[in-house]
Each structure stands twice: as C-alpha cells, then as structure tokens.
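Take a look at the structures below.
One chain, chain A, appears in both complexes that follow, with chain B as partner in the first and chain C in the second.
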Partner chain A sequence: MSSALERPAWSRRRALSWLRGVTITIVCLVFVLPIVWMFAAAFKTNVQVTDPSVGLIFSPTLDNFRNVLADGEVLQSLRNSLVVGVASTVLSAIIAVPAAWAVGRFRMRRTGSLVLVARIVPAISLLVPWYYLFAQAGLVGSYTVLVLSHMFVSVPLILWIMIGFFEGLPVELEEAARTDGLTVFGAFWRIALPLAAPGTTTASVLAFIFSWNNFMFALIFSDETTQTAPVTLFNFISYASTDWGGLMAAATLMTVPVVIVAIVGQKFLVAGLTAGATKG
Partner chain B sequence: MSIPSQTLTRRSFGKLAAAMTIIGGGAALGGCSAGGGRPSPNTPLCIMAINHVWSQAIRKHMAEFEERIGRRVSMSLLTSDQLANSYNVKLNASATDIDVMMVRALQEQLLFAHNGWLADLTDRVEGDAGYQWADFLKAPRERSVTGRMVLSVPVVTERPVLYYRKDLGAAPATLDELMETALPLADRRGNFFGFVGRGQRSGAVSMWSSFLYSFGGDFTGQGRSAIARPESIAAYEYYGRLLERAGPPGATNMSLEQAMPIFAQGKAAFYVDADAIYTNFLDPKISTVQETVGFAPFPAGPAGARPFNIPSWSLAISAFSLLRDEAWQFVRWASSPEMVKRLQAEGIPGARQSAWSDPATLASFPADLARTMQTQAQIGLGIDRPDVLQVGRARDIVGRPLVAGILGQPVAPVAREADAEFAEFLVRDNRHREG
Partner chain C sequence: MAITQTSAPARAPLPGKPRARSFEQANRRLKWAMLAPSLAFVGLMIIFPLVFTLNLGFTDAFGAVNADKDYVGLRNFGDALTDSRRFWPAVQRTVLFTIGAVLLETVLGLALAMLMRKPFRGARWVRTVLIIPLLTTPVAIGILWLLILDPTNGIANHLLASVGILPQEFLGSVSQSLPILMLIDVWQWTPMMTLLLLAGLSTLPAEPEEAAHVDGAGVWQRFRYVVLPMLGPTLATAVVLRSIDALKTFDLLYATKGPGGGSSFEAETLNVYAYGLTFDYQEYGLASAVLVLFTLAIIGVVILLRRRPGRRSA
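So, the complex of A and B:
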C-alpha cells in the first residue's frame, strides 16, 4: 500500500528532474550557441559563413586568424584593452575598496548612494560634457581619458559589491586588532582587506569584464592608437561588405582573455558573490 | 572593548581616501597623457571617415600628402552609424580635434549645416581654377550646396544597378519585364528567389526611390507629401508584389547586409542595389556567381528609367577645426581630378566628369557595369531619400507602406496614413529648418 503511494511521488520527482534537465539544456543552448557559432565561423570562409546550409561540418581554415594577426591592428587594440582594463580596475579597486570598508563600517549609506548615482545616470548623457572637458584638457585620444571614464563605472560597481562584503565580516575581529595595538588603518589593512580578498577579486573581475567590453567610451574618447578591441571589431564591417570570417576570428581572440580571467577568478567569484548574503 | 573614536576613524579614512585618490589620479594622468591644446607643427590633421574602399584607398596614398603638407595625418575609420554618433557627441562639444569629416550629403548635411558644424567651402572651390569645381557631375555637385553655400565635396557616387544572372537569361529592360521574368523563376521550396532587394522599413527607402521615380512619383511635390499620389502608390505596390512573390522570406528584415549575400550565393536571379557593392560579386572568397553575374541599367518604368545618381560620401571641413587650411589642402588633394582618376581606375566611382569621360578610368570595371554606370551617371537624379532635416524619421514614415506591400497587405490605406503623417512631419521639419 505504501509503495503504491510512493510510486506517484517518485514519478513526479522524476518528471520534475527531467523538466529541470530539459530547461537547463535549453537555457545553456541559448547562451552557448552564439559562442559556438562565433567560434565555428572563425574557421569558415566568408561564403560558408553566410550560407545557412553549412552548419558545423565543414573544412576549417586558419586564414581568418592569419589575416587578423598579420594586420596587427587587432593585437594593438587587444593590448590597449588590456592596459585600460587593468589600469581602470586596479585604480578603481584602490579607491573603492577602502571606501566600501568605510561605508560598511560607519554606516555611510548616503555617501554610498551618492556614488551609486554614477551608475544610475545613463552614460550617454555624460558624453558631451565629458568630451568638452577632456578635449579642453587635451586628453582625448589618450589612455588617461579611457581609464578615467571606465573608472566612473567601475568604482561604484566595486564599492557596492564590497560594502556587502565588509558588512558581512565580524566587527569583533577589527576590535581585537585595535586592542592589540593596530591603528584604524592597520586594522583595515592587516585584517579586513585580507579577509575581503575573495570579494575584491569578484568585484575586480566584473569591473575588468565591463572595461574589456565597453564600446561607447572607447568609440568617443580613443583615437587610432588607443582604440580598444570592441571598436576595432567594427573595422571588419565596411560600408559595402562585412568580413564575417575576420570579424569572428577577432571576436574569438577578444573573448579568450575574458574567459581566462573568468575561469581563474571563478573560485573567488562564487565565494565573493555569496559572501555578502550570509551576513547577520 | 569597542573602537574608541568614530571621529578619529572618519578623519583617518578621509586621509586614506585622499591619498588613494591622489595616487590613483596621478597614476592615471601622469602615465598616459597625450597632450593637446593649440595646434603645433606636431598636431596631426584629424580625419574621421567611413570604413569604405575609398577611405582605405586614400589611406594608401596618405604618405604622399603628409610629405606635401609636412604634417602627420590621423585617419579614423568607423561604420556609418558610429561616425554619425561620434559627430553628434564631438561637434556638440565644439570639438577642435576633427578637421576633415566624411559625411553623407543627403543624410546629414542639412542637419549639420543647421547646427553650424560645417565650414563654408564656396570661396575655396570656386576661387581655385585648378580645382575645376565645374568638372563635378551636376547632380552630386548640386547636393553639396546648402543655403547657397558649398559645404561638402563629393568623393564617392552611387547609382542603382540591376544585378542579374547571365546564365538564366537576358536582363529585362523594363520593370514589367522584370516582374514577368522574376515571378516564374522563384522557387521558395528550392531556396531560390526570383528577386532579392532591401525590404527594411527605413533601409529600403533609398533603393526603392528609383522605382518611385520611374513610376513618375516622388517623396514630395511643391513642399508637400506626395507619397499617396497614384504614381507613388503604384511604385509601393509594384515593389511590394515583387518582393512578396519572388523574394526571400523575411524580406522586411533585410537591408544590404542580408540581401547581398543571397545574390552572392547564387540564390536569386535579380538584385537591385548600389553599383558601389559590385566587388562583392566578383570576389571568389565571398561570391559563387563571379562567372555568371551581369550588370544592367535600372529598368524603365511607366515614366522611363529614372535611377538616382547620388553623392554617397563627401568630404567636409569642421567649423571648429583649427587646421582649416590644411584640411582644405587634404580635401583638394583627395578630390583633385588626378586623384579621382587614380581612384576610379582602382574601381571606386568618383564624382568628376573628366574621370567618367576617360576610358582608362573605367577599365577596372566589368565592361557592362562601366557602360551601365556611365549611362546612369548622365540621367540620374541627385537624391534618393526625402530632402529634409530629420532624414531618419522621414525614412521611417515613407517606409511604412513599403513594408505593408512586402507583407501582402493593401498598400493604399497605409500609404494614405503615412501621407498624413509625412505631411505633418514636413510642416514641423520646415519650421525647424527656418528656425
């Protein structure tokens, strides 16, 4: 009798498990297919790319990668992206991590909200005044202006991720450190900051990915020598034709560093993203 | 024990934050400064251009120009949308770091002129006998003038061409013949189409304009909307029927980027688009029809063959440029009779009559294409879209009946609605223009 009752429950669980599996598969396909298509197209000729009858079975060619690498412009733009991404992330972290600690420890919520305004204001509305100011300062076309504009978005991002993180750290640890003779800064530097390393990594990885993919600031503020990868990708789209193979090869090259950063940072990423949720 | 003094903590934090800001800001500003200010001999002449074969070709000759003016040239190539966005941001901020601008005379010139962004070139082009301003083709030359001022110089021109498959038969001479030939060739199940063309609401308007003119219609007449006149409705219905019955599925989402590959892959019998894209069909890396593609003039409609002949890209000088003389030297050099001949000989159709009259400049084009381009350059109209300030909005309105036609819906009621909307738009646009 009891096994007869258990059977429908078991079937229901099994059906739910199947449903979950199918749903996960569909969601994964939606996210993964464009990447697979990009990767496959990077190894196709332009005729094959635009021919829907050519799927994933074709004779691959490395010509697209050869052309992209021989041109040199893509590599230069990847270098520029790296410089801007690393500089803006490091500088943002230097400013935002201590700020987040202060906001979290001393309940400076209004200050935190003020910084968040930078993320609320649409970036495009800032472009004209910024451009005017940076042009007057002779900075347009330099790395400086790209780094500063990316920091405008990265600082609030890191700040708000880290506030939750610092709030989750027991205040007693810092109090004990102060009792043992450390200064306020010492307690932050020697106690809070090392404990917040996973959070800092998470925030920095996200800030770097934002910077790496940012198109709008780079389009307006860079010149031909400081152009970053997202803008350079559009060089493959000309007025009368699109070099799909070259575009996909360049996009693949642009995606690889972010994937590496994400994989390396994944361990911290998960810990960092969940850390703020366990406070209290 | 609790942390002793919150005031002290805040102060400490203040010092820390200030120190970090100085370190951070200093590192950013100190390490990467590119300089700027007033133009020195080292300040480059900045050119913003479309990523186009013309720009790529002129770039190859740039060392010659740099040597001539003794100044470095910085040339940024962007797509047309990015270029327009960059102009909007930079020129709104009165940027001095754009000297030469590549503009679409028919799309942007009125608006840019209204905003005061373009320098007046009238004295320069007309006062320089060696430049031979009168040598430019009449239609593109006229479109370079706004408010009696020459604000741009055309460097690339375009006309519509009927691309067709020589292996499937001869090119039709009239629009009726085109319809009669294309319909039976269409085999959607076999993934073959009788005709392919742009069908996107806004993107299709420019290419459809030759159909409109050849049916005897126009976008406006005496300053009023003319898109609901019988000739215009006939043009809408014709183009809609052609794409609906002989075209590929999803044609209303197709612009150049989607339509062109269909013909290049040998999946369509006819294709009407700009002559500037012909190389796409001759390049074996992109095309499977390089042996079979033919080029024919735009077929005649009830009002004859009335294709456009437009300045697709022109050079202008920013009103905020601090290097206007050097910018003019570039424009003069890049659009000189000699350079236009050189570039046309490389397959880039220019805007000078002297180049079109010189058989040597046409040798690089396939013979039938050269004949077609020459004919259409003589008879073409100088505009392929509404002549208004806000061209994008106007194209959206005018394109609505086109989409209805392609979807097989009755065109006349949609055209009448669009006509009323366009009439209102024209009133507002004129008010802006006069303001």
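So, the complex of A and C:
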C-alpha cells in the first residue's frame, strides 16, 4: 500500500474490529431471534400470534401455558421424556464408559470404529427388526423399548466422546497406581474414572439432550401413556394447527430446559460436541 | 445423572500373588469384559437388525410383521431402482438437500469460525447462542419455522412486504419447500460447523502464519495457502459428520411436511420415503431394499469424503 495509507492504519484497525463486532452481533441475532420469537409467541393471545405487526413488545399472558398444562397430556409427555432420557443415559454411560476406557487404553482402534458404523446406519433400517423383536416380546409401547431405542443414539455418542477423553488422560497415573498395588481394574475404577468425571458428565448431558429431542423412535414405539414430548408436539401440529399460542407454549416448555443447560454448561457442551473432530 | 462413581468398594489388591506371568492374560480378559456389554448392545440392537433388514430386502414381506413371506431374489431392488415416480425423485431430493445444506454450512461455518477466531469480549455468550439451535428439538424448530413462514400470518411475509416483495408460499409451495427446509437446516447446523472448525483452528500452530505474514502474504493469501491446508483434516471430518446427518434428516422434514413429504412428495427424501413404505404401507420387503441401498450409498459417501485430503484412517 502507499505511504499515505500507513498513517491511519491504527484507526483502520479500529474500524475493522468494530466491523467484526457488528458482524458477530448480526450473526448472533440471526440464530437467536427465531427462538426468541417462539418464546414470545408462547406469551401472546391467539389474536396477537397471528398478527405479525405485534412484535416483541406486548402485554404477556400465561393463558397458553394454562391451557396446555390443563389437559395433562403435555405434562405427562414431558415426564415421559425425562424418564426415558435419564434411564437411557444412565444405562448407556454404565455400559459405554468402561468400553471407551478399554478401547482408549488398549488402542483398539478397529473396535472403536464400530462407533462410526452406528452413526452411519439410518435408524429407520433398524425400526422394522426392532418392531418385530419387541412385538414378539410384547414390549411395544413400554418404557423399556423407548429406553433401548434411545440407547442406539447415546451409546455411540458416549463411546465417541469418552474414547477421546481417556486417550487424553496420561497413562502414567494409572501405571503408578498399579505399581502401588492396584489391579488394572482398580486403576480404572479409582484413578481413570474419577479423572474422567468431567468428560462423563458432558457426554451424559449431551446424550440426555439428544434423547430428549428424539422424535422418530417414540413416534413408532410409544403409546398414549408413554408418548414423549416431541411426539405430543407433533400431534399438536396435525390436530390443532390453528392454536399457535398453545403450540408455541408446548414448544417453549420443551426448549427452555435445553437453553438453561446450554447457558450453564456452554464450555463443556462445546468440548463434547467437537470431541474427536481435530483428530481427523 | 452421570455414573460418576460413588465411593468405591474397598478392594484390596491380592498381595504376594505371582501377577507378572498372567498379567497380559488378565488384561485381555478384563479388556473384553469391559467391552462385552457395549458389544452385546451393538450386536443385538444394530448388527442383528441390519442382517434382519438385509434379509427382508430379498423377501415379499408385507402387512403384519410376522406374516409369512417368500424369498423373491432381487425383485425389490429391481423395483426400487426402476421406480422413477417415488424412488429416484427421493434420491434426487436427498442429494440436493445434502449437497446444498452441507455446502452452505461449510462456507458460512468457515467464515464465522475465522471471524470468531481471535478472542473477543462476549465470546462465551456467542458460543452459547451458537449451541442453542443445534441442541433444540428438531420438531420444535420445525414448528417455530412453520409459524414464522406461515403464508398469511407469519412474520416472514410481513418483513418481505415491508421491502416490497410479494408474499411467498414458503413451506406451502411445492417448489419452495425443499430449498426452504435446506435453509432451516443451514440455520440449525451452521453453528456446529463453526464450533468444529473453531476447535480445529485452536490447535493450529501460529508460526506458519506469522512466517507468511513476515513474507508479506495478505489476509486472503494467509487464509488460502496457510490456514486452509492446515485445517484440512478437521474440515474433512466436519463435512463427513454433517453429510451423514444431513443425508438422514427426518425429524424436520416429517414435522413440517408430514407423511410422504407433502401432497406432491415435494420434501420426500430417501429416509422419509423408506419410513412411509414401512409404516404407512407396510411394504417391509421393498422398504428394506430401499434402506439397504440407502445405507450402502451413505457408506459410499463416507468413503469418498474420507479419502480426499490426506489418507487418515479412523
């Protein structure tokens, strides 16, 4: 560049940094405004929801939430989602964390790549055999089926995150523990597992969220009493598509817990979501 | 929620036992013992069902799940591959949706990652904003966009009108549905790309870029010839993961367009088609053949994408 441009270089840098801030702010608004719009709609009357000139400033009402919670179906489905989410996550962690440790410690990359297979397989190709199996066992509609099917997502997810996590733990600590007399299992149980607590928590929270969000399995395998929240929400669209306020209130009830977890655990969730990406 | 261990049972090591000899053996047994539950799960819930589905693909299974069925050889595969009414259009939509969405997500995600790369005030909050769309229930996302894009009552047409654009049908239109759904996918998943690429960027050494800077390389040149090649492996992984998920997109499509992807099948991808064949028409044989072809196609895409930059293996 010419020398005339060198003098205001300082202010040019400031202008660039300001431009960067503005761009990032706009990007954030693009991602957050639709969600804010949903939350706002949940507090609007049905006249206000369908009038786009009513923006984000209006006098809020709790009627939608009252109506949605009154018939009990939504509350029941949220409870079902919670039960299935917790059960599938806990069971997945119990079987996947030790397996991840074994894969990570004994360098069983080939066994570990089974995880990728589980990610590739379209879930629908499992639904018919599952249906066949579970129908024979008289389990369709039960929590058991929902928990088992949701584990199809959470077991590979926890394996994926925890293999990387255990590989990142220094093996020296476990070796030292073994010279001090612990068995190999003891080294896992008393040393590796406590050290892996942050990873296990992150993986479990993500597994829970993906179970909470899961739609397809419950669409097939649940009945009226075990229906999870996304299915109830979906049925709302088909049968009550004019009740936008109620729909948005139900969607808000589903989304708010996730948003709270995202705000509280942002750092860990980002680490969990991006785990393994930089290893190629 | 997690199985963070409670106090471990006091488990005294057995003193004086000749451990060294059987150590490797014990290790091997322990290793497989710890893997066994997960392997059993994968075998029972994934491998066995896949074999089951593969087998069904060669039969005329129809109607009740346990009804009698006969082997019909490759007929289902032939039927699927010669079906230009539902199958091939679904293939085409799946390909268009995936390429369009992943391409946009990669370009936008990379741009956003570069923008956020240097630390700035409020980065924590921006990351929080970025993870919210991808952690939100796809069904809720679908409903939310149905409201925003509602042709008569939605804010989108209201905003378009204020800049003089005629109202659009959006998801009510046969031609606009798939592009709109693609853009919703871009909205939901671009943050994932950004986060993956930011993680990749944070592991890059600073020296090559500094050296290029000293040698007089401009911003674009440093990005194109220094950062981008180093980011290659992460970029490849991110594209593979996103492509797998985009190919299999179901929740958003089904929640907004319903069975068959709408009255003219305008949003019917392979996944939605296979779902309909299975649960609306009970065509288990044909559905299984379609699913086998679909799974093979996904594996093909993964192999293709993974061998491009470098030759890393999982």
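We take it that the second predicted complex is superposed on the first by the 244 of 280 C-alpha atoms of A that agree within 3 Å, B and C clash if a C-alpha of one lies under 4 Å from a C-alpha of the other, contacts with A are read in each partner's own complex, and residues count from 1 in each chain.
Note that a contact is a pair of C-beta atoms (placed from the backbone, for glycine too) under 8 Å apart; a residue touches a chain by one contact, two chains touch by 3 or more.
Remember, predicted model here, so these are calculated numbers, not experimental data.
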Clash or fit, chain B versus chain C on superposed chain A: clash
Should A:102 be classified as contacting the first partner (chain B), the second (chain C), both, or neither? both
Once chain A of both complexes is superposed, is A:47 in touch with chain B (first), chain C (second), both, or neither? first
Which partner chains sit in contact with A:135 here, chain B, chain C, both or neither? Use first/second/both/neither. both
Would you check which partner chain A:143 touches, where first means chain B only, second means chain C only, and both and neither mean what they say? first
Touching A:34 in the superposition: chain B (first), chain C (second), both, neither? second
In the superposed model, which partner reaches more residues of chain A, chain B or chain C? C
Could you tell me if A:220 is touching chain B, chain C, both of them or neither one (first, second, both, neither)? both
With the two structures laid over each other on chain A, which partner does A:76 touch: chain B (first), chain C (second), both, or neither? neither
For A:61, decide between first (touching chain B), second (touching chain C), both and neither. neither
Look at A:184 in the shared chain and tell me whether it touches chain B only, chain C only, both, or neither; answer first, second, both or neither. both
Among 91-99, 127-135 or 343-351, chain B clashes with chain C only at 91-99
Common interface residues of chain A - those touching chain B in one complex and chain C in the other: 50-51, 94-95, 98-99, 102, 106, 127-129, 131-132, 135, 148, 151, 183-185, 188, 220, 234, 237-238
Residues of chain A defined as touching chain B within the complex: 45-47, 50-51, 87, 91, 94-95, 98-99, 102, 105-106, 127-129, 131-132, 135, 137-144, 147-148, 151, 174-175, 178-179, 183-185, 188, 219-220, 223-224, 226-227, 231, 234-235, 237-242
In the complex of these two chains, what residues of chain B are touching chain A? 1-4, 6, 8-10, 12-13, 16-17, 20-21, 23-24, 27-29, 31-37, 46, 50-53, 56, 74-80, 82, 85-86, 89-90, 92-97, 256-257, 260-261, 264-265, 274, 276-277, 279-280, 285-288, 313
Can you tell me which positions in chain C touch chain A when the two form their complex? 1-5, 8, 11, 13, 15, 26-27, 30-32, 34-35, 37-39, 41-42, 45-46, 48-50, 52-53, 56, 65-66, 112, 115-116, 120, 124-140, 143-148, 150, 152-155, 157-159, 187, 191-192, 195-196, 198-200, 203, 233-234, 236-238, 241, 244, 248, 250-251, 254-255, 258, 271, 274-275, 278-279, 284, 287-288, 291-292, 294-295, 298-299, 302, 310, 312, 314
Which residues, counting only chain A, touch chain C once they are in their complex? 20-21, 23-24, 27-28, 30-32, 34-35, 37-38, 41, 49-53, 86, 89-90, 93-99, 101-103, 106, 108-109, 111-114, 116-133, 135-136, 148, 151-152, 155, 159, 181-186, 188-190, 193-194, 197, 200-201, 203-205, 208-209, 212-213, 215-216, 220, 229-230, 233-234, 236-238, 244, 247-248, 251, 254-255, 258-259, 261-263, 266-267, 269-270, 273-274, 276-280
